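In the two assemblies presented below, subunit A is common to both, partnered first by subunit B and then by subunit C.
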Partner chain A sequence: MFEELNNIAGWSLKNLPTNKMILISDWNTDASFLLHHFLAFYLKANSKVVLAHAAQSFIHYNLACSRLGVNLERSRNNGDLIALNLLDASLQQYVEGSCENLSLDSEYCLNFLFGDNSLKHLFKVFKRCVENTKDALIILDDVTLFLGLGVSQKDLNYFVHYMDVLCKSNNCTFVTLFHQNFAPDISEPSPYLCCQLYASYEIEVKGLESGYSKDVHGVLTLKSKETKGIKTYQPHKLMHYRLTDRSLQLLAPGTSSAVL
Partner chain B sequence: MPTRMFFETPLNFVQYLIHLRNWGKFVCSVVMKKVTFTKRPAKGGAVQVHGTVVSLHNGLLLVSTGIPSLDSVLGGGVPLGSVFLLEEDVHTRFSTLLTKYFLAEGVTSGHGLYVASANANPDVLLNALPKPTSMSSTRSSQQKNDNDMKIAFMYKDLPKNQSSLSGVSRYGHYYDISCNMDKSEVEKCDLKSLHLTDEISYGEGKNDMFRYTLKHLKQCINNSRYEMKQKNSGDQQLNVLRVVLPHFASPLWCGDKPDNIHNIVRFLHCLRAVARNSMIACLVTIPTHLYHENEVAMIRQLVDTSIELEAFVGEKNPVFKQYHGLLKIHKLPRLNSLVNFVPDSFDLAFELKRTKFIIEYMHLPPDISETASRQGMDETNDKLHPRSACGGVSLNKKLDF
Partner chain C sequence: MLEKLLSGEETSRLVLICDDQFTNGSTLLRAFARSLIKRGCQLHLFCFEQHPTNFVNHLNLHNDSNVHVHDFYSDPIGWNDGDGCLLGSRLFDINSKVNQEQAGGSNTAVVIDSLSITLQTCESTSVCQQLHKLSHNQRVIQTVMLHHTHLHVDDVTKRLSHISDSVLKLNLTSSLPKITFSKKSVHDGTICVTVHRKLNGKVFLSEEKVEILSDSSVEACPWQQDPLSAQTGGISLNEEPDVTSEANLTFNLNLSVREKKERSKLVMPYIKASEEEKVEIHRSTGGGGKIFYEPDDVDDFDDEDPDEDLEF
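Then we have the complex of A and B:
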């Protein structure tokens, strides 16, 4: 859990961002560390978390999050965390043509997308997971991966729209990651703009333009559409960041130890 | 300990003293061990596989690429369960060489090999592996060391120093690319290969090549000693399978469907799923220059490590005269932790010598040779002469009052 990010965004364990969509986007760098932050953040706040991991294995999340002070394995056994293993589901479907006897919770059938290349089934699974809970968090660890796997941009846009509606109606939060360098076709509304449209917060992560530096790993911009208590326009907050294994350091541009 | 001892010569006495000292050390070390560090066995039964080393960064098992300098750039080696993408150079000369190194390291470490190729028969590749150097000498020196240790017998069980030659034989070897490895060595290891153009005849089932390969690979792994089981049955010693897909996703693989990039991404996604659940290290070489920028971005997203070889073609900048190309790191594995290993510098170049391939941190050649700088100065002066407006004495020194 990254305290500094929470302070800047105005979040805390008692004041979770709910019924919102939070978009994490990156450009030529990997912003997946922020997913771990949200996982740890919501689990510490005793919320229910649904993690759909398509890009990485559960073991990866478990080990990486253990350094942030949460034990995913234990949470999963307690029922606080539902892990949907889309990575293995994809493999099983590819090799055998179905994924019926997947070793996960059998009630959540993961025959979700590869039949008709739409994300409708995945949405239904999410919906069922959060039906009777409040303040739940849904994490989909890489939404652009589906574009690579053959889901059309239109389907992705629909999916994001439906997830936004689900968040508003069920009072839950949806966090997803978008890689901006998967530039889309021009003909349809760009999925990135579509995600931006529905997201209440966008955290954009980019590498430094001048190249890699050991002291500053990149630029993090927090774009908020929140108007709670603030009547005027809220500017983007741009910060430099430095990531360590357990924490995220946020600095005003030009105040890193390398400059001063 | 004998109660009475006769020292016939001073030398015996000295030996006795050494003996006593070592005994003291031994007792100390036993006491110290209790108090300070005892090496804890890894969780869930120590997984010990030959030819691997545990990463200090995130605890993953690493296998060597066969090139020490590439290993150090990657942070020790290729993690097990990860996919390593090598973006080919235009003439595929260097990427093929790196593939051979990777396979040769598998042979010397006793790993299993899996090669699936749609181009040349995998045997062509396997018959031209580089020969390991100084293998025999290190082994014999190790044996000699064992015999020598009579006095310091308690140090015998301690691990050998990694920097010494004996350490080398366990992880990462050196190879001589001017000689080929013996065929018998290659045949000793567990070898599985798939020659796709043999299996699938021309014009048939092109679109299934990805699926066919993956199924074949999965069959090889299932119920073998490469499969990572939840509970170790203990009968079989786990081993590493090195999966190599040379010239993967060349146009033949993709067939003529317009959505071939989705097939590649899907395959790589499933390959990752296979890799995460088994003891394999995958090396995939893709001619990425055939693909659009966005498609390359997608491919890179689906692999754990991505390294591009950019060989110099035609005229090259004289600055790079000692190198044969540039090594570009696009992605380094970020597994089981939030941060990845970062090398000291990203300015890397490679050089092919007569017997080996090396990667170096690139820097400009130092301009310290006297003749070079003098010549440079003369040139500038020559240029200045016609321009001197006054037509006076030409300035030979920078400061001339």
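Then we have the complex of A and C:
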């Protein structure tokens, strides 16, 4: 897990963000390294984690998290981690037309592929996973993927609303990733805006406008929502970042070794 | 205008609060709800977007017996019940609910925390019809609703604005997504553009800077857009003196009124020069005109007549 990010956001192993939706968004870069952070962070805090992975395999996450000091395989065997393999489920369902042979964890949550066209079942699976637990974390590794699989923007908005309800009622946290480059229907407002509406925190990651740099990998902005004021977000905390296998280095703009 | 609408001094049956991704209209909605309760109204609160308990807690009420909460947040389309979608029919029966629960008095008010889910579920025209009916319900003195303009196409906002008596549109004076390192972004304010239609048909437009005070009350003061930024088409920054930088200075940057007067009296050297020039020109026009030529040292005089080939 990335200590520097936690320090800036005011999170720690004893002070986990609960009851909240955290939106990770990226533009011209890949922010999935933050998913690894949240996985490792919550597992180290002995919280229950539900990982629904549709963009990457479990092996990928296991490898990434092992560098952050967490063994996902062991956590899954201990019951701390529930992995919903939506990647295989979607393929199997698409090829075979049914999902009877699938294991319990993926079930029929991808019914939208065959006409149901809603994420209701996925929500219900999440709900069942976090029942009777506190401070659980639900990670959906790529919410934009569903838009490409035929889920309408409206249904995605419903899903986000119900995830917010689940977070508030079960005291859990929902983390998801939205690729801002993905614009399915430009005539309608982007579902990204709906995700933003429900998110208490947004971590926005962008590539550098000036192009690739060895010392600075991009710009990371942490936005936290204001509840009392009339502005939606408090002043942003904007930082340059440099990512290594095991750490995330956050720098004030203009203070990287390449500049100084 | 905003404060008059809040206090009830200005009558408005249907108030639409429009916000976007940079502004938070729910604070203003709560201010309206608080004001309606203070005025002794029976408040029907329709929560679609925030948990009702959360909304009521933020109202900071000592006695919430006048608040009737209708929870549409927990299960707006029936996913939690497992009995399928109950779109439209269940979602927007506000009118009948108000009629049913009405105890007999005529001081009922309705506050709707975001129309977004309703507008996604139902046709915007039918929502407008329902709201129109509600605004003409004699039992309801005021309906206040929140609308997120960025989540819907412009037509929906136009329809809702058309049926509303007052439209309060919240804007930031400076756009937040443009990330700047200047201190000005810290001084950003929120502007409320109010379009209010009176019962006699007169339309009022006002632009006010809105502040939420520490006791959650709303303070509004008139605001005018900076003409320079209006010309360039940008969103204006309300120019406030940068207190932090001036505080660190060892000298005074500002002038007092007396100093300004004295400055205006001072005749600058270039002004004097131009006055002398004027006098010279005046003299020359009055005297008929003469040319004086003083040859330079390097001038060579030619005795030949330069016009001899012209055969005068």
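Couple of notes before you dig in:
In this text, the second predicted complex is superposed on the first by the 234 of 260 C-alpha atoms of A that agree within 3 Å, B and C clash if a C-alpha of one lies under 4 Å from a C-alpha of the other, contacts with A are read in each partner's own complex, and residues count from 1 in each chain.
Following the convention adopted for this analysis, contacts are C-beta pairs under 8 Å (C-beta built on N, C-alpha and C of every residue); 3 or more make two chains touch, one makes a residue touch a chain.
Everything numeric here is computed off the predicted structure, so don't read it as measured data.
Look at A:Asp88: by the touch rule set out above, it reaches subunit B but stays clear of subunit C.
In the superposition on chain A, contact of A:Glu226 is made with subunit C only, not with subunit B.
When the two structures are aligned on the shared chain, A:Leu238 is found in touch with subunit C, with no touch to subunit B. By the touch criterion defined above, A:Gln196 lies against subunit C but remains apart from subunit B after alignment on the C-alpha atoms of chain A.
Of the two partner chains, subunit B is the only one that A:His179 touches; subunit C does not reach it.
Of the two partner chains placed by superposition, only subunit B is touched by A:Leu149; subunit C is not.
Per the touch definition, subunit B reaches subunit A in the complex via residues 58-59, 211, 214-215, 218, 259, 261-262, 265-266, 269-270, 272-274, 276-277, 293-294, 297-298, 301-302, 331, 334-339, 342, 346. Against subunit B, in their complex, subunit A makes its touches with residues 30, 32-33, 36, 54-55, 57, 59-60, 63-64, 67-68, 87-88, 90-91, 94-95, 142, 144-145, 147-150, 179, 181-183, 211-212, 214, 243-246. Remark: subunit A residues 120, 123-124, 127, 154, 157-158, 161-162, 165, 168-169, 187-189, 193-194, 196-197, 221, 225-233, 235-236, 238, 253 touch subunit C in the complex. Residues 19, 21-25, 27-28, 49, 51, 54, 58, 73-77, 79-80, 82, 116-117, 120, 148, 150-153, 170, 172, 176, 179, 181, 185-186, 188, 190, 210-212, 216 of subunit C are the ones that touch subunit A when the two sit in their complex.
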